[in-house]
Amino acid sequence: MDRFLYLTFDGLSRGAVYAAFALALVLIWRAARIVNFAQGAMAVATAYAGYSVTNATGSYWLGFIVAIVGGLVLGALVERVVMRFVDHSSPLNGVVVALGLVLIIQGVLGMIYGNEFRPAEAPFSRDAFQLGDVALLSRYDLFVFAAVGTVVVLLTLLFTRTSTGLRMRAAAFAPDVSRLLGVPVSGMLTLGWALAAAVGSLAGMLVVPTELGLHPNAMDLLFISAFTAAVVGGLDSPVGAVVGGLIVGLLLTYVSGYLGATVAPMAVLILLVVVLLGRPDGLFSRAKARTA
Amino acid sequence: MTTVTAPEKVTTNRPKRKRLSPLAVVIPAAAVILALTYALPPFRNYQLATVGAYLCVTAGLTVLTGLNGQLSLGHGALMATGAYTLALMQNRFNVLALGILAAVAVTTVVGGVIGLAAARLRGPYLAGLTLAVATVVPSIASTFDTTFNSDQGLTVALEPPPDAITVEQWQAWLCWAGALVTVLVIAYLVRGRFGRDMRAVRDDETAAKLAGIGVARTQVLAFVLSAACAGLAGALFAVLAQSVSPGAFPLTLSLFLVMAVVIGGLGRLSGALIGAVLLVALPEIAHSIAEDAGSQRLEGNLALTFFGVVLVAVMLAAPGGLASLRLKRNKQKGRT
Amino acid sequence: MSALLEVEGLTAGYGAAPVLHDVSLTVDAGQIVAVLGANGAGKTTLLRTLSGQLACEKGRITVDREDLRGVKVERMVRHGIAHVPEGRGVVTELTVDENLRLGGLWRKQKPKLDGIYDLFPALAQRRNHLGHQLSGGERQMLAIGRALVAEPRLLLLDEPSLGLAPKITAQIMALLRDLRDRTGLAVLLVEQNVRSALSVADEGLVLALGRVVTRNDAATLAGDADLRHVYLGF
């Protein structure tokens, strides 16, 4: 039972990271109808940048900010320089280009930083508080919850309360009409990519200290988990992405805790298959999106 | 390479123009390869063999993506399936023909399972699922480490070739025998009803359905065919390396395969050949650049970057993306 | 005094062969001009060119003497042009209120939606309904209302009566007349429903195969049986 509680909190903390990453995927999907397969690689790139600054200055927070801002810039760049010019008549085109970006980013990172794991320090202790003799949460877990929670709240406010959010939604749903109404549609698309990539970078920064460290391929599995989370949530639904993230986080942690860490990736694969074949529209989506 | 242009005509689908029979291309190609293996030094023979092994999988993939419109990022994992099957069979029975057959059979079954799921999925969903397969499958090796020996992998027991030829020459024969048989089978398949059905499904599923074509069946068959090809390629790679390990089939391998068929030109066996050559040539070029620069970090990563840049550039340069890489073929058809 | 909208020798289309040939027309402030023509005559193409969605290949388009060639679609609202596209273009995933707000976002100050809700009481009751929950007539009202939120000088309307009951069509026409008289709004009104269009318009012009074949007073056009027979197909 104690172990179960511990795993549950650990799973929620992991799940929060997946939720953020899935949210990034959903943001781009809603804005551009592209699953950004380069999200993981982009997040690694900004995490490297962040930790380079941290190592140079000794300040985790400076590195943290650099990573997030780097995400904004990288997202905008990817949209402006590459994705904008992709022919979107077939969804495969965007996927293939994103995969090309993965190769480029991983190759460049490998050339600059090498292909060894680099240790990445957490800003807070990862030792769990004890409640009686039950280990529950660590300070770092609390930080993860706070960071992801803040992002979720800010994004919700942005999309429901602000004019920019309204513009972004309109531009995504009906670009031609929005243009007639004076909405700078392509700017909104760039903004959507930038925001999504920044959220992805945040997830990357949060996950790196909990894994083996920095590596060009560090986020491959994170991407799969987050993609699964997004699909569980229906790919179209931000709420679904968050819930999906938590579900995947819990599943992964229980499976690694009770069956062994090497089985966990397979559990994700099985969940993905089951959801894709069983609930084709995800658990939360109303739209029939599977053929998109 | 003199053989580069040869298989192109194999799939050309021009009803009014006289077409070369696939055999008329493959037999001379086989003769040229055979001659080459005597002329080339061992290392080049080894590279030639690698091209042949890659050709098996790119030929299957180009059919799957180019003719049937399904994108798979999981063929690296299917190759791993074939390779591990071969290794286990060899270490048990040490009969190569049996090992290769078993590798193809097992991969075909695995491909059938994935293909059944794939036939219900489209676009990014299929890509995501197959990407998950490619990412997760290597971890199976560490889960069942008594069978697969974890990250170290397995060595492959092999009978030495006859004394008259070098190992590399023998490898080249073996791989190209596999490649040419694959090309031949695919060429005949896509010329017939199966090819027509695949194109119909790719272009418009609803119309295909109305025309009485079994859409799901066609898609599953295409996936199974390409999986069988990947299994053969995996087995050949296991023979080439005389070992198998999860590290030999990373996610990037799957991405490289996609890249190869996209750059080579989708839906054409000549494109599959170009792709296979690129898969061997680009890392080789990157390797020599890295060596000249004396930088270990460049090694491998330079090839990765090359591939990525070429892939993105090709996709951006081709208006219409994948479809236009494919359409050139259709236009040729219309010209006659 | 020069006209609000002046189009001269306009040639435009979709790439290969132009659809519009040498089209010239003017619309004054406070004037409603009906654009009539058979299916495929180029009416929608004309509006799309005026609002910048299609490039003007040859000729001149000015609003208040300002040259509009090369102005991006999303800047057109700033030149006082609002375009209600064919098939309405309500953003069905947004609520009525959000759709209306969207119309005024290009201005710095908060849009005043009350006036619009007064004009369309039916919309006021559905403020928080999503676009796809509205009836056809409600959508048309929403699309026109949203265009009005932008406070345009020139309203481009593409077949507002499409699929609407005659009563609603009449209401919309009355509204246009009212707006013209009250605010001096200029309207370029594309219609298949010739009778109701000419009932509200000051002038009408007839497009055939992308050329202006006639331009005249609405009343004169309405009485011209030959013209109706030859170009408008009824």
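We call the chains A, B and C, going by the order they appear; numbering starts again at 1 in every chain.
Definition applied: a residue touches a chain if its C-beta (ideal position, glycine included) is under 8 Å from a C-beta of that chain, and two chains touch if they have at least 3 such contacts.
Chain identities (UniProt): A, B = Branched-chain amino acid ABC transporter permease; C = ABC transporter ATP-binding protein.
Note that the structure is predicted; figures quoted are calculated from it, not measured.
Looking at chain A and chain B, not one chain touches each of them. Chain nearest the geometric middle of the protein is A, using mean C-alpha positions. Ranking all chains by how far their C-alpha centres lie from the centre of chain B, first place goes to C. With centres set at the average Cα position, the gap from chain A to chain B is 32 Å.
Chain A and chain C have Cα centroids lying 44 Å from one another. Distance between chain B and chain C, defined via averaged C-alpha coordinates, is recorded as 56 Å. Interface residues of chain A, counted against chain C in their complex, comprise 163, 166-167, 169-170, 173-174, 176-185. Here chain C touches chain A in the complex through residues 51, 53, 73-78, 82-83, 85, 89-94, 98, 101-103, 105-106, 146, 150, going by the rule given at the top.
Here chain A touches chain B in the complex through residues 34-35, 37, 82, 85-87, 89-97, 99-112, 114-115, 216-217, 220-221, 223-224, 227-228, 231, 260, 262-263, 265-266, 268-269, 272-273, 276-277, 280, 290-292, going by the rule given at the top.
On the chain B side of its complex with chain A, the touching residues are 65, 69, 71, 73, 117, 120-125, 127-129, 131-133, 135-136, 139-140, 142-143, 250-252, 255, 258-259, 262, 295-298, 300-312, 315-316, 319-324.
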